[in-house]
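By written order: A, B, C and D. Residues from 1 in each chain.
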Amino acid sequence: MIRVLRNQAWVLGLVGLLFALALVTKAIQPTYSASGFESLARAALPFAFATAGMAVAILVGGIDLSVASMMAVASVTAAVLMEGAGVGTSIGVVFLVLGIGLAMGAINGALIVVTKVPDIVVTLAMLYVWEGVALLILNAPGGQVAPWLQQLIRGSVLPWVPNALILAVVGVAIVWVPIRRSKLGLAIYAVGSDPLAAYRSGVNIAGTRIAAYAICGLFSAMGGLTLAMSTGIGEPIPGPYLLAAVAAAVLGGVVLGGGIGGLVGPLLAVLILRLVRQDLTLASVDPNVTTIVEGTIMVGVVMLGGILALRSRRS
Amino acid sequence: QDYTMGISNTVQGNGWREEMICAMKAQAADSGMVESLNIAHRNTDAAGQLEDLRNLIEAGVDAIVLNPASPDALNSAIEEAAERDIVVVAVDQGVGAEAAYVVSNNQEEYGYIGAKWLFEELGGSGDVVYMRGAAGAAADDDRNAGFQRALEEHPDINVVHEVFTGWQQDQGKQQILDFISTGIPFDGVWTSGIDNVIVDAFLESGTPLVPIVGADNAGFVQQLATVDGLVGAAVTNPGSIGGAGVAVALDILEGNPPEDRIVLVQPEIWANNTEEGMANIEAAQNPNLDPEWPVSVTIPGFTTYTMEEIIACNGPGES
Amino acid sequence: MTPQPVLDASGVAKRFGAVTALSDAALTVHAGEVVALMGANGAGKSTFVKILTGALKRDAGTVRIDGTDSTISSPAAARRAGIVPVYQEPALIPDLTVRDNLRLGDTPVDPFLHWTRELGIESLDLSETAGRLPLATLRILDLARALAAEPKVLMLDEMTAALPTNLVERVLKTVRYQADNGIAVIYISHRFTEIAQLCDRASVLRDGHTVGDVPIEPGVEDRIVEMMLGTALTSSEPAPRGAEARPAGKPRLRARGLAAGTALEDVSFDLHPGEVLGVVALEGQGQDELFDILAGFRPADRGTLEVDGAPRRFRHPADAIAAGLTYVPGDRAHALLAGRSVRENIALPLTARMGRWGPIGMRAEAEKVAAAIERLQIDTRAQGEVQRLSGGNQQKVTIGRWLAKGVETLLLFDPTRGIDVRTKGQIYPLVRELADQGAAVLFYTSELEEVRRACDRAVVIFKGRVVEVIEAAEATDERLMRAAYGLQTSEGAA
Amino acid sequence: MSALARIGRFLGDNPVIPLLILLALLVGVLEFMRPGILNERWIGNTVKFAIPLAMLAACQTFTMYTGGIDLSAGVVATVSAFVMATLVPVVGTGPAILLALIPALLIGLVNGIGVAFANVHPLIMSLGTGLIGTGCLQVYQRFVIATGSEVPPFLTWLGTGVTWGFPNSLLIFVPFAALLIYAQSRTGFGRALYAIGSNKEAARLSGVRAWQVYLLLYTLSGLVAGIAGLLYVGLIRAPSLSLVNPLLLPSVAAAVIGGTSIFGGRGSYAGTIVGALILRVLDTLLTLMRMPEGMRVLLFGLIILVVTAIYVRLTDR
C-alpha cells in the first residue's frame, strides 16, 4: 500500500491539483456548468492524444518531435478523403488514417533503429518531412470532415460526462491498456530504463522501439483526427502541440530518459493545463498576463513537486 | 450600456496583430459602451481558437470580435455563440458561418493591386521575385489568388523566385540576400508585408534598388519617403480593422446592424512615384511608430479613437 | 571415447575498432564440469562470454554446441539453447520491479524464489523496484534467474566479486551441486581460493588468446599465474604492523556512536595516520551507511565524527573531500563517467571543486594521469570512453583518480573487486605506502585474506555495531567469520 | 591496421572533420545547382546569419552537456533585442545595451535556480520561463509603442558590416567560439558540465556541487542568448516581439546535428558551429529551388536526416 502511494504520489498530487483548480473555477464563475466542462474536454482532446503519443516515445527512452506534424498529416488526409463522402467511406477513412499514423510512427522508429541517429535528430528531421507531406496533400486549410464525426465529439452522454472525455479515455485505453499488460509494454519500459540490460534479458530492442514509435504515431493520428473533427476541416500547418505534449508528459510524471511513468498522469496534466487556460479566460485576465500566469503555473507546479520530492527523500 | 465583449486572436508577437488588439481596446474604450474586454490573445491554431471562443461563450460575453485562424474551422463555435444571442464579428478575414458579420480587409484585392502596380511599373515585362507569407495560411492563399490574377493579365512577367517568408523578418532578409547572391538578375520584388528588411538588404549589399511592393508598415512607409532611389508602393492593410470590428459589433448590439453581413475594406495603394501616393505616404508617416505597425491606425467611417488613444493601447477601465 | 563436449569453441576473434579483444580463444566444457576461465584484467574473458551467449558477434572462429555449429545470435537465442550467463554487470532492469524483470525474461517465479532462498536471500519482495536493491542482492538475483532457466551451460562472469564471504560460500556450494547434477559451468573469478574450491579445470587467456588448459590441483596456482601473465609473479608484500609499531598520537578520524537508518546502530572507532584499518562485515550490516556518512553522502542520524580533533558534519561529498577524506566506492557504476575518457575520469577530483573552475594545467594533469595509469597498469587501449574498458580496468580508474589527487584519509570500499592477481599484488603495497607517508586508510573488504595482506587491524561489524577488533596477524578466516556472524561478543570499539 | 581503419579512427577521434566534409558536400551541390553562387558575398551572408544561430546554439550545447536544454534562449534573445532597441531613443546606446542584458541574466538565473534547487527538468523550467519572458515582453511593449525604436549603428555595423571580405560579427564570434571550445575541455567548469551530464552521482562523489554549476551555467546561457539577440537585431534591423523565436528549433538542431547528446556528457561546440553552417547552407539550397513549399520542407528534413546518418556512420568506431 505504501509502495503504491509512493509510486503513484505524483499522480495523486495531480488529482489533488485538478480538484483544487475545479474549486477555483467555480469560484471565478459561479455559473460554471456542464457545458463549460464539455468545451474543456473538447479542447483537451487533441492534446490528450498528442501527449499520450509523446509519453510512449519518452517511456521507450526517446522523444518524438514529429508528433504535431504527424497530427497535421492525419488531419489533412482525413479532411481530403472525407470531403463529400458517405458514412461508410468515412468510417473506412478513419481506419485508413489510423493505419497511416501507425505507419508514420513505425517509419520514425525504423529510421532511428536503422540509421543509429539519435531519436531527437531523426524525429526533428521527420518533423519537417511530415509537415512537408501535409502541405503536399493540402496547401491551404480545406477539405471537409464527415458531419457525423464532427457530431461525435460534441455533447455529453450524461451531464458532466462529455463525449469528448469518453473518446479520449477510451481511445487511449483501448490502445494502451492491452499493450501495457503485454510483454510489449514491459519491453517498452525495459528498453527505456536500460537498453543494454534489456537486450541481455532477451528483449528485441529494435522491434520494441519501432513498436513504441508506431504507437506514438497511432496516437498522433488519433489526435489529428480529433483535430479535424473539432474544426471540420484539415489544416496542413502543425498546431502548437509539440511543446505542449512534452510539457504535459513531463508534468504528468514521465521521466525524460525513459522507463518511468505512465499515461494517467500525462492525461491529468493535459486537463490541468486546459483548465488553467479556461480559468484565465473566465477570469478575463489581461492576455499578456495570461502568458505569464501559464508559464508561472507550469514552472511552479513542477518546482513544488520537485521540492516536495526532495523533502520526502530526505525524511 | 455596459457590454462585455470577447476578443479572440491567434497570433502573438506580430506588430500587425498587436495594432489590431490596441485598436480594439481603443475603440471599446472610446465608445463608452463597453464595460470590460475579455481578450484571448495567444499563439495557437484553429482548434485552439475554438477553445478560446467556447471559453468566451462560457464567460458570458455579449459579443465576440475575432480574427479567424481559418475561414471554415470555427463555424461550430460561432453557431453556438449565435444560439446564445452573442454577436460575432470576424475581422481581417472572412468566416463561413452565416451567423457572423465580417469586417474584412480584401486580401485578394491586396494581392492583386500590388502586383498590378509592380507589373505595370516594369512595363508589363520582366523578372520578379515573389515573397509570399506563410504556407498553408488562408490570407496567403487569398493574396496568392490576387497575385496570380495580375500575373495572368501580364503574360510577359516572369516569376524567377517564389518563396515563403513565413511572415518573418529574419527569414525574408536571408532569402533576398540569397537571391541577390545568385547573380540571377530580377527587376522587381513583391512582398507580403515583410518589406523594410528587403530594402535594407539591397542597401546593405550595395545592389541597385528595384521596384518593391510592401505593406503600409511604418518602417517601409518611412523608407518610401526617405530612401534615395527607392521606387515602391505600399498596399494598405490596416491592423486597425480590429477597431472597425468592435464598432460594428457595438452597432449590432445597439440594434443598427450594417446592411450587408460582409463589409469589405478595400486596400489602397500608395506609390511613391505618384503625387497622390506620395501625399498619402507623407501624411501617414510616423517615425515614432513601431516599424512593424501599419501606419493606417484609423479607419475613417468606422473608428472614432485618436492616434494617442490607440498608442496608449488602453481598454475600458484601464489607464 | 571421451563424451562429446556441451560447448566447444575455437579460434574465436573479436575486435573493437583498433582494440583486439580476442585473437584466438578456445574453450571446451563437458557436462558436469566446472571450468575456470582465467586471465588478467582486459584479457578478454567477458568478451568471450558475451560472444558465446550471443550478446556480441564474433569476427572469426567456430562455436559448437553438442557437436553442431551454433547459430546463436542473441542472448534470447542463447537462453533457448540452454546457454545462460550471469554477466559481469548487473542485468536486471533498474526501473522495473523484480516480478516484471522475471516476466520480461520468461523466468518462472517459483524456481526463482527457490534459488534465491537457496543462495541465502531469505526475504525478497518481488514488487520492489530492482534499482533500489543493493548490488550484492542484484548479483544473487541474476544467478537465481539464470538457475531458474534450467541451463545446460551456466557462465558466471565475476559474479562473486561484489559478494560478502558468506554469500560467496552459498554460491560456490550451489554451483558445485548443479555441476554434480550434470550442468556445465564456466566460471570467471580473480580469486584463487574460489577456483581451488570449485573448479575442475582452468583455461587461461592471455591478451586475447588461449594459452593453455590445466587441471586444478594443489600448487597449480603459480603455474596459472605464470600462464596469465607470461612471467612469474614476484611479490613483496609488507607485513602488517603490530600495535606497538603504530603511531599512538591523535587519531585522524574519530567516530563515536554513528547511527543511520535501520542498519547502522552504533559504530565507534579511531583511525590513525599511518594506519590501515580493515572493516569486515556480512552483507547489509551497516557498512554501506557507515561509508556513506564518512564520504558525505548522507548525514548520521546520531553520533559524532571528528577529523583531526575537530568535530565535522558533512552535508555534501565536497565537505568530506575538503576535510581530506577520499572515497573509493564499491559500485563503479556510481563512480565513473561512463562516456568520458580515462583521462577525464582520473582527473575529475582535481578539477571538480568550485574555485577550480578556471583553466586546467594540461601538462601537469597529463603527468599525474599518466603516473596513475602507470602505477595501476591500466589497460588504456580503449581510453576514449571508460565504458569500453574491461571491468577490472574500470575499477582501477576509480582508484587511480585518487592517486592523482593525493590523499590524507582514504576510504576504500572493496576496492579490489574484479581486479586480477597481479594488480592486487600492487594495490596492497600501494595502500601500505600511502599509509607510510602519513595517510589513514579505512579498508572495507569482502575478501577476508585482504585483512591479512593489507591491513593492520580490522573492526568487524555485525547488525550495525562493532563486535570485535582483531589484529591483522591474528585475523584468521575462521575468527573473522565467527565475529562477522556475531558468534563472539567481546565488546569492540577502540 | 588497414588504411581504412586508420581513417575511420581518425574521423572518430575528430568528429568535426566528417561534419566539415558534409558541409563541403552540401556547398558543392549548391554550386552545382547555381554555378557562381559560391562568391564572397554569399559566403559572407551565410556566415553572418550562421553566427547568431551558432551563439544561440551554444546555449543548447552547453546546457545539453549537463543533460539539460535551454528552450528560453529564443525568447531571451528576443527580449534583449527588443528592450535594447526601444531603450536606445530613451537612454542612449551603451546604457540600453547594458539594461537589455539584465532580463537575459535574470531569466537565466531563474532557470538555474529551478534546476539547481527544485530539481525541475530544464526542459520544463526553460519552457516556463520562456512563456513568462514572452508575457513580460508583451506587457513591456505596451509602454513603448510610441517611443519608437532604433538599432544603434554600432550593432548594425557588427551585424551587417563587412571588412576586407570578412563579416564584422566575426570580431565577436571568433573569440567567443575560441573561448567556449577552450572552456569546454580545458577548464574545471567545462569538465564539471560533462561530468554532471555523464553521471551526476559520480560528479557529486568527486566533490562537484551541482547547484553551483547549474546556477552559473544557466545564467551564462541567458547572457549568451541575450548577446546573440543583440547581434541578430543588428543584422536584421527590425526589432519585433518575436524576432529570434524562430531560431529556437534550429538552435537545438544545430547542436544535435553537431553531435551533442541531449542526454548529456557528450558533444563539442565545434560540431555545433558546423551544424549551424549546415543549416544555413540548407536554407539557401532550398530557397533557391523552385518547387512546392511542401516538397521544400520535406527535403529539408530528409537532408538533415541523411547528413546525420552519414555522419554517424563515419564516426562510428
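By our rule, a contact is a pair of C-beta atoms (placed from the backbone, for glycine too) under 8 Å apart; a residue touches a chain by one contact, two chains touch by 3 or more.
Predicted, not measured: the structure shown is a model, and the values here were computed from it.
Identification of common neighbours of chain A and chain B yields D.
Of all chain pairs, the one joined by the greatest number of contacting C-beta pairs is A-D. Distance between chain B and chain D, defined via averaged C-alpha coordinates, is recorded as 32 Å.
Averaged C-alpha coordinates give centres for chain C and chain D that are 44 Å from one another. Rounded to whole angstrom units, the spacing between the C-alpha centres of chain A and chain D is 29. Mean C-alpha positions place chain B and chain C at a centre distance of 72 Å. Annotation for chain B: residues 12, 135-136 touch two or more other chains.
For chain A, residues that reach two or more other chains under the stated contact definition are 135, 139, 236, 286-288, 290-291. Multi-chain contact residues of chain D, defined as those touching 2 or more other chains: 134, 138, 142, 293-294, 297.
Applying the touch criterion to all chain pairs gives A-B, A-C, A-D, B-D, C-D.
Those residues of chain B that touch chain D in the shared complex are 12-15, 18, 22, 135-136, 161-164, 166, 168-171, 173-175, 177-184, 196-197, 200, 204-205, 219, 287-293, 311, 313.
Within the complex formed with chain D, the residues of chain A that make contact are 63, 111, 115-118, 120-122, 124-137, 139, 236, 243, 246-247, 250-251, 256-257, 286-296, 298-299, 302-304, 306-307, 309-310. On chain D, the positions that touch chain B within their shared complex are 34, 36-37, 39, 41-42, 45, 49, 134, 137-138, 141-142, 145-149, 160, 232, 235-247, 280, 283-284, 287-288, 290, 293-294, 297. Chain C makes touch with chain D in their complex at residues 16-18, 295, 297, 316-318, 321-322, 327, 329, 334-340, 344, 347-349, 351-354, 356-360, 362, 384, 401. The part of chain D that touches chain C in the complex is made up of residues 1, 5, 8-9, 12-13, 182, 186-189, 191-192, 194-195, 198-199, 201-209, 212, 216, 265-266, 317.
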